[in-house]
Amino acid sequence: MNENIIFYPILVQMAFAILLMFLWMRVEWQKWVSIIGSVLNLVVASSLFAIILREGTTSVQAGGWEAPFGISFVADALGVTMVLLTAIVGLAVSIYSGVSVNRARLKFGYFPILHLLLLGLNGAFLTGDIFNLYVWFEIIIISSFVLLTIGGEKAQLEGAVKYFTLNFLASMIFLTAIAVLYGLTGSLNMADLVAKMAAVENRTLVQVNALLFLIGFGIKSALFPLYFWLPASYHTAPSAVAAIFGGLLTKVGVYAIIRMFTLIFEVDSLIQIVLLSTAVLTFFSGAIGSLVQNNIRKIFSYLIICHIGYMIAGVGMMTQVALAGAIFYLIHDIVVKTNLFLMTGLIYKMKGTHSMRKLGDLYAEYPLLSLLFAIPLFSLVGIPPLSGFWPKLSLIEAGFDTESYWIIGAILFSSLLTLYIVVKFWSEVFWKPGEQLPNIKHFRYFRKLKKRHKWRLVAPVVFLSLISLYIGFGAESVMELSNRISDELMDPQHYIEAVLPST
Amino acid sequence: MIDTLIAILASIGTLFILFAAIGMLRMPDIYLRLAVTTKAATLGVGLLLVSAAIYFNDLSTTTRVFAVILFILLTAPVSAHLIGRAAYIIGNKMWEKTHTDELEGGYEWHSGKYGAPKKPIDQEIEEGED
Amino acid sequence: MQNKFLTNIFLTFLWVALTGAFYLSNIIFGFVLSYFLLWIIFSRTPNNQYFKFIPKVIAFVFFFLYELIKANFQVAYEVMTPHHNMKPGIIAVPLDVKSDIQITLLANLITLTPGSFSLDVSEDKSVMFVHSMYIKDRESFIAGIKNGFEKRILELNES
Amino acid sequence: MELILALLIGVLYASGIYMMLRRSLVKLIVGIILLGNAVNLLIFLLGRITKGEPPIIPGDSDVFLQAYTDPLPQALILTAIVISFGLQSFAIVLVKRAHKMVKADDLDEMNTTDAES
Amino acid sequence: MLIAVLSGFIFSLFLVVFGKFFKGRFSLAASILPLSLFIYFCSFLGPISSGEIVSQFHPWVPSFGLNLSFTLDGLSLLFALLITGIGFLVFVYAATYLKEHQYIDRFYGYLGIFMGAMLGLVLSDNLLSLFLFWELTSISSFFLIGFNNTSSESRKSAVLALTITGTGGFLFLAGAVLLGWVSGTFSMTEMLTMREALHGSDFYLLIIFLLMGAAFTKSAQFPFHFWLPGAMKAPTPVSAYLHSATMVKAGIYLLLRFTPILGNHEVWNTTLIIVGGITMFYTAFHTLFRTDLKSILAYSTVAVLGLLVFLTGLGTQYALTAAAVYIVVHALYKAALFLSTGIIDHQTGTRDVTRLSGLRKVMMPVAVAGVLAAISSAGIPPTIGFLGKDLVYEATLGMGDAAIYLTILVLFTNVLILYAGFVAGIRPFSGKLPDNLQKIKMPGPLLWVPPVLLAVLGLLLGIFPALLDAPIVRPVVEAVGGDGAAVQLKLWHGFNTVLALSGLTLGLGFLLYFIIKPSQGKVTAMGRLEAISPKNIALNFGNSFTRFSSAWTGVFQNGFLRNYVVTIVLFLVILVGYSLFSGSEGIVIDWRSLSKLTFYEIAIMSLMFMAVLFIVASRSRLNAVVGMGVLGYAICLLFVIYSAPDLAMTQFSIDTLTVILFVLVLARLPKYLEPSNHARKLRDGVISGSFGLLLALIALEVLQEPVNKEISEFYAENAYVLAQGKNVVNVILVDFRGADTWIEITVLTAAALGVFSLMKLRLKKDERRINE
Amino acid sequence: MKTIILRAASNYMLPLLLVFSVFILLRGHYLPGGGFVGGLVAAMAFVLHAFANKLETTKKLFRMHPGFLMPFGLTLALLSGLMPMIIEESSFLTAMWLSEALPAIGAVGTTLFFDIGVYLVVVGVTLTIIFTISESS
Amino acid sequence: MSLEDYLYFVILPVLAISVILIFIRLLKGPSIPDRVVAVDLLVTIGIGMTAVYSILSGHSTFLDIGLLFGLIGFLGTVAYSSYLEKQKKK
């Protein structure tokens, strides 16, 4: 096996981002190039996924400098899974955007930036170097700033100011943490840091360092009480953008937390308390925040926060089972949240509003699409055997294992509220007799779209729903994967050996 | 011997810079401050650079030093001109003993876009703009 | 054509000086580089006659070092003495020099020499406004400039 | 020396946050820039400031002959500075546009997207 | 069995695709499915009654211990027969009942899912798969309750029902996982062998609390009962099928299923007796105050469910037998009553009992069904209801000290159930036919045959109890851990207390029926007490919770960016500060380890200090920008004196660029207002100051640590030798760590594109609303 | 700004600064400098030109929008990383060197092209940002 | 006293004092142009300081920083003046 394959997801996205820049303003070309790029990326990501699962954790050194001196890129099961999910979400959003996002936005760099965002995600999931991770994070956030503001609507800008400020703050805290880490160990290579961080005598400083990372990533993952940027901004972006944000952005933070706290830092008692209590409060704040919203995108925005709690709780309990549950949830959540935001976009196309009070009639008008929408909605709740159900089993079990009964309580509480919210959503949006369609000049309602355009909006939802169904009904394979990832994370020796063969 | 030369050049240069700094503080208006600092600082820095050139005594360094000096000679007066002009346009007050102003109204009759200020707007810029 | 060539040579020289490497290859590289840059810059602008004075300007700079030092002692005196003896003012000096580069050169020279700095040039390039610390007599001040720097610049132009 | 620099970094952090807590949009940017500087200096400080040669191998040698300063933090800061510049320019433009669209000078007036609706 | 379970789902999927064609005859043909399933399950009657247990195993998600392992014992078979049998009749009935309905295909789709789920529920041996089907019944029930989705009442009821049963579902989930965790298996068959261990477990009480929570919500026990009357918004076939015969009994099923595993424990029994007792009496009493036929039936259903829980709680042989019989009894008569009520509703357009009478004259067969069902519910011989009631009295009388109280409670309940049965089954048909109902037509046989069949079956089984005893009741009792042969089903027990109680029940019941007439007045009277009803309390709690949610969300997501920043910074300061100061190392700074100060360092640093102060204190934007410039240049000088020429150059260029940027847009930037008051400034100053101080302290602490320069040294040693460069910083940037730089320029590109689009893109007015 | 003096000065400074920027770029591997600073200086040269002249005048110096320098630079950087992957089958971004060093520039390898890519991107980015902002204000 | 000592103990302190003096002007203003002049002068002195520092450190490479200061610092002044002028025009 040529280790360079680890670079391929990054290179593909980079090449296509550049190509799309050359095609500036040529929207029709861009649409297809973007889809081709996304398909290619999916192919590359799946092969990487297959290869790594077969061959185990592998690393490659950028520039050919041996670790820890160069920048390592490491493909382990977690990394390639995330890359695969990114590719899936990327393809869905790429197809969807061509029709959904308005032409003016497409003309001003939507697609190049979208691929830069995907590039950043791929990079973040594959890098084995902490400073390099920072750089990938930056490409992610700057792309997300651009996608969030593109079009420059009042609400977008208002949201973006908060989004920007708080994410910038997060980046600065992250960088501060890197400074401390470098000051303590003199290294940036994550595998190398395992031993070097363990050798630091002043454990207080190690804990301080861990907390700094936790807070930096916590902001990005939208944990309580650090999540404010999310409800302030997500609902202001175009649906395609909200979809990729909702699916992937907060998860990068979670990914980073998982990485840091399985590899470099340990979940000591203080950090455990912090993780578990923020998880509980995240569940709580997200759920009840969602409860009182009327804008359907805000409802899902708060649910994003709420469900981050599952993953953080999993990390907090830090047992094999808990981590496997968190990973499973991560996989499920990425697909479902993306799908939900794509769905809200479709609903908007159908009805011209995001207001739950004004929406209605969807079930009567689009019965089959409604059933399609039911898949992500009920997957979100975790109605068995849909995808959201399985990780809860692990997490509850881990709750009993670790005697974290309040986590179980919080999981049940948030599940219940999610159920209520989704059911209310269904009742209001799908069942209720709706209002007259608002008369918006030049707005192409879904009904009036050409058939092929309709398909390009619906196909991604179908695609993601099928994946959700697979995660649900094929839970065994996903669970095997989650267990494998969890095992790898709990025993980082393979990771270290893959990067530093000498040790 | 060379060291002494360097020391002398550096001393003179530094002294001029010090004069410029004191001038900055002591001169009563912006135009006079400009007049004082441009010259003194340019020469001062020039001398310091020359002493460095002598110290290193190789062609590459010397040419670079002369490039810097050339550049400063080119830009420092332009800077003074730009700031002075800007100060004049926004109506920076002149020292009370200034007796002639042949530019007064100049910007009015040249471009017709902005008139010479009737009253000092120094304060306005300072407090008002923000 | 000639001007461009001179500028090119000048930039080549500058390159070689900067890198401090007097190899043939480096000189050729410098020449190609500056040629390329000039091509980039001036292929689109019709007015490219600025460059013919460059070598003279270099000579000029050395000539005025003396004036510069003189000016500085005056400044030093003014700064260090407790009382201000200045009689500042802004004088409109009519210009005979016409080209932008000549005007700029003149302005810079005036600024660098005793007591005065050029505040601005009128848009029709007919008048330069000079701020001076010591204006005893307007006419002699103007004459000083016109007979001093301006004349020299005009001479430079003719040569 | 480290003490003073550490305190200075603290002051930069503090003033960055303080400016971010003002209501003025421009102060927000100022705060962002200050914070960026603070972090860069922190990397610099924690990479251990040593007075030594610049990390440039002397012309006639293949390796360092004298003590040199740590080049790695410098490279990291360089990267960080450039990234901050990208972010800052975006922030400046964002604030300019937000100011124009929302017609508010005051951050406190920018709270409609958080309102329940 | 897997096919049996899946057939319902496959049927629904089939309808999704071919739903359009599913009208008229096809909908009737759909009843072939439950019929064949019924016949299929009947074929097990023999083996099961001879003590056999049929099992099937299909692995699904072994990682979670979730398998589709199906076990058919007496209890499962009873339910399977009810599900498919009554299912068949309901399928037939609905074909006519909903003939005109636009979305009849969806209806059958939900029904199919429900049937499959219900079968799965009762057949599962795996606790998790049981849970899975349990949730599916809730979900399909949600769709059925909300089937008339244009009615806001329907929607509300559906949401309420699913919320309550969903709550139970999550309790079940926790209970199931806990039980699996404690016992190490999710197989209920295996759990049977661990009875002792489970009883002795620390978690026993938690387990039964969770499982009972699930059962009570599903089976509508007090105080969760209120969703069931609400669920009557569903079409009547649904009420008959789900909300009386099958789904609501899932809770009972669960309790019975766990009786041999967790039962016969003081807490278990007492809780069930108390909850069941309260439920049956409370809801039976409520039937007195209803005029809507379905409402009356709903309350009486809950009462019976309460009775079943109560019986399970008693846990004796008699009680278990009684429960088994009563499940059948109730399924038969209540389904019949619902179906006949549905016919009345369908034909007359009203269910208000005060406006209905004499219907026998226009729909005799329905009247027969109604009356038969009513007498069965009243426990009048020779119906099977009599048998059931007898067994119940037998059970309560055998309870020793408490017998008398329990018996009285049951007596009153039975009286009220009799009343309800009569009101629903007899009153509409008796008396004079009002004028407005003269023209009512006789419904088609496909509507009236199902209730008649059920009612007649109730009579038949009463006359020949042996039909029920050995094949069904005995295996049930054995399945729940009792001795099936202990109690013989027979109509005549001789003259004894039980008979006296039966007589008393009938007497009091008749009295009640003749004295108390349902009236609107009573409904209104009861309405006054609505404020303290569990439903209202729950709804009020829900509303308060929503208000609280609003408030909580408003407090945190308050719209003020600086509050967000403050929260985050405070969180950091407190957390990191706590960690730093509570650490065992303490704050130790060895001053000797720090290098000496030189005056130019002092000069530069004081310049920086002053520049920062100048920026912070500045009241003008441009001054602040100037200050930033100076600060940048000072940092630059700092880099110079610390031998970082590349940094100095970059910092200087970038600073100048920033100044230019600022200057270009400054005129368009907002004014530099400072409306904050002093208190606010002080507060912010303290917060940001402590943040800065904390970081300074951390920095100093880190500087105390020994430093590892291995990597830097590698760079320095190899920059020229391996990477052919002498400026190590540059070599790092383009070679050693080239990947950083590579992405960094991409970051810059993205930023530039962002600036470009942000400045250049102006959506046209009509594009603006689109927001896509 | 309408000032003859600045305009005249800036016309001399533009080539001067550009030469300087290339100088900074090429010697970066040996002495302080490199693609970043070089690119910034080059961009500043044009910015200065734009201040002194009209923005349109400065933009005319480019055949296309300077923003296109960004994808060009990124391509160069990408290719310099890909080349070793394709030719030598070594890792991405591994440096490849010409066997002979060139005078004045020094050793030539993929890292130099990488640095030139950085240079182009930085110029493109800076000019895009500044030009965009000046156009709209 | 060696040249290095002289530069270190005499020249640099005087330059530092000059910086402080100019900084005082920067703080005092009173007008924006005053501050701009101050910044301009600070940059100029910065060049001088780097020149001295390059002698002290023996690295001529610091002179390049001075070169850069000279080339680019000018641009800051241009920008400020342009801003002031635009402010007035408005």
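Chains here go by letter, A, B, C, D, E, F and G, matching the order in which they are written, and residues are numbered from 1 within each.
Just so it is clear, a residue touches a chain if its C-beta (ideal position, glycine included) is under 8 Å from a C-beta of that chain, and two chains touch if they have at least 3 such contacts.
This is a predicted model, so every value here is computed, not measured.
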Checklist entry - What is the shortest path, in steps, from chain B to chain D when you may only step between chains that touch? => result 2
Checklist outcome for this item: Farthest CA centroid from chain D: chain E
Next on the checklist: When I count C-beta pairs in contact, which pair ends up with more: B-F or D-G?
Outcome noted: B-F
Next on the checklist: Using only Cα atoms to place each chain's centre, name the chain farthest from chain F.
Outcome noted: E
Checklist entry - In whole angstrom, how far does the Cα centroid of chain A sit from the Cα centroid of chain G? => result 49
Checklist entry - With chain centres defined as C-alpha means, what is the inter-centre distance between chain C and chain G in Å? => result 22
Checklist entry - Could you state the distance in Å from the CA-based centre of chain C to that of chain F? => result 29
Checklist entry - Which parts of chain E, given as residue numbers and ranges, touch two or more other chains? => result 550, 553, 557, 559, 561, 565, 620-622, 641, 643, 645-646, 648-650, 653-654, 656-657, 660-661, 664-665, 667-668, 671-672, 695, 699, 702-703, 707, 709, 711-712, 715, 726-727, 729, 733, 735, 737-741, 744, 746-756, 758-760
Next on the checklist: Two or more other chains touching the same residue: where does that happen in chain A?
Outcome noted: 14, 17, 21, 62-63, 131, 135, 138, 142, 145-146, 149, 152-153, 161-162, 165, 169, 176, 180, 183, 231-232, 292
Checklist entry - What are the residues of chain G that contact at least two other chains? => result 19, 29, 32, 36, 57, 59, 61, 64-65, 67-68, 71-72, 74-75, 78-82, 85, 87
Item to check | Residues on chain F engaged by chain A in the complex (per definition of touch) | outcome: 67-68, 70-71, 74-75, 78, 82, 84-85, 89-95
Item to check | chain G-touching residues of chain F, taken from the complex the two chains share | outcome: 1, 6, 13, 16-17, 20, 24, 31-33, 37, 40-41, 44, 47-48, 51-52
Checklist outcome for this item: Note: in the complex, chain A contacts chain F through residues 2-4, 7, 11, 14-15, 17-18, 21-22, 24, 60-64
Checklist outcome for this item: chain G contacts chain D in the complex at 57, 59, 61
Checklist outcome for this item: chain E residues touching chain A in their complex are 16, 60-64, 66, 106, 128, 131-132, 135-136, 139, 142, 146, 149-150, 152, 155-156, 158-159, 162-163, 166-167, 170-171, 173-174, 177-178, 180-181, 545-546, 548-550, 552-553, 556-557, 559, 561, 564-565, 567-568, 571-572, 575-576, 578-580, 583-585, 695, 698-699, 701-705, 707-712, 714-715, 735-740, 743-744, 746-747, 749-751, 753-754, 756-758, 760-764, 766-772
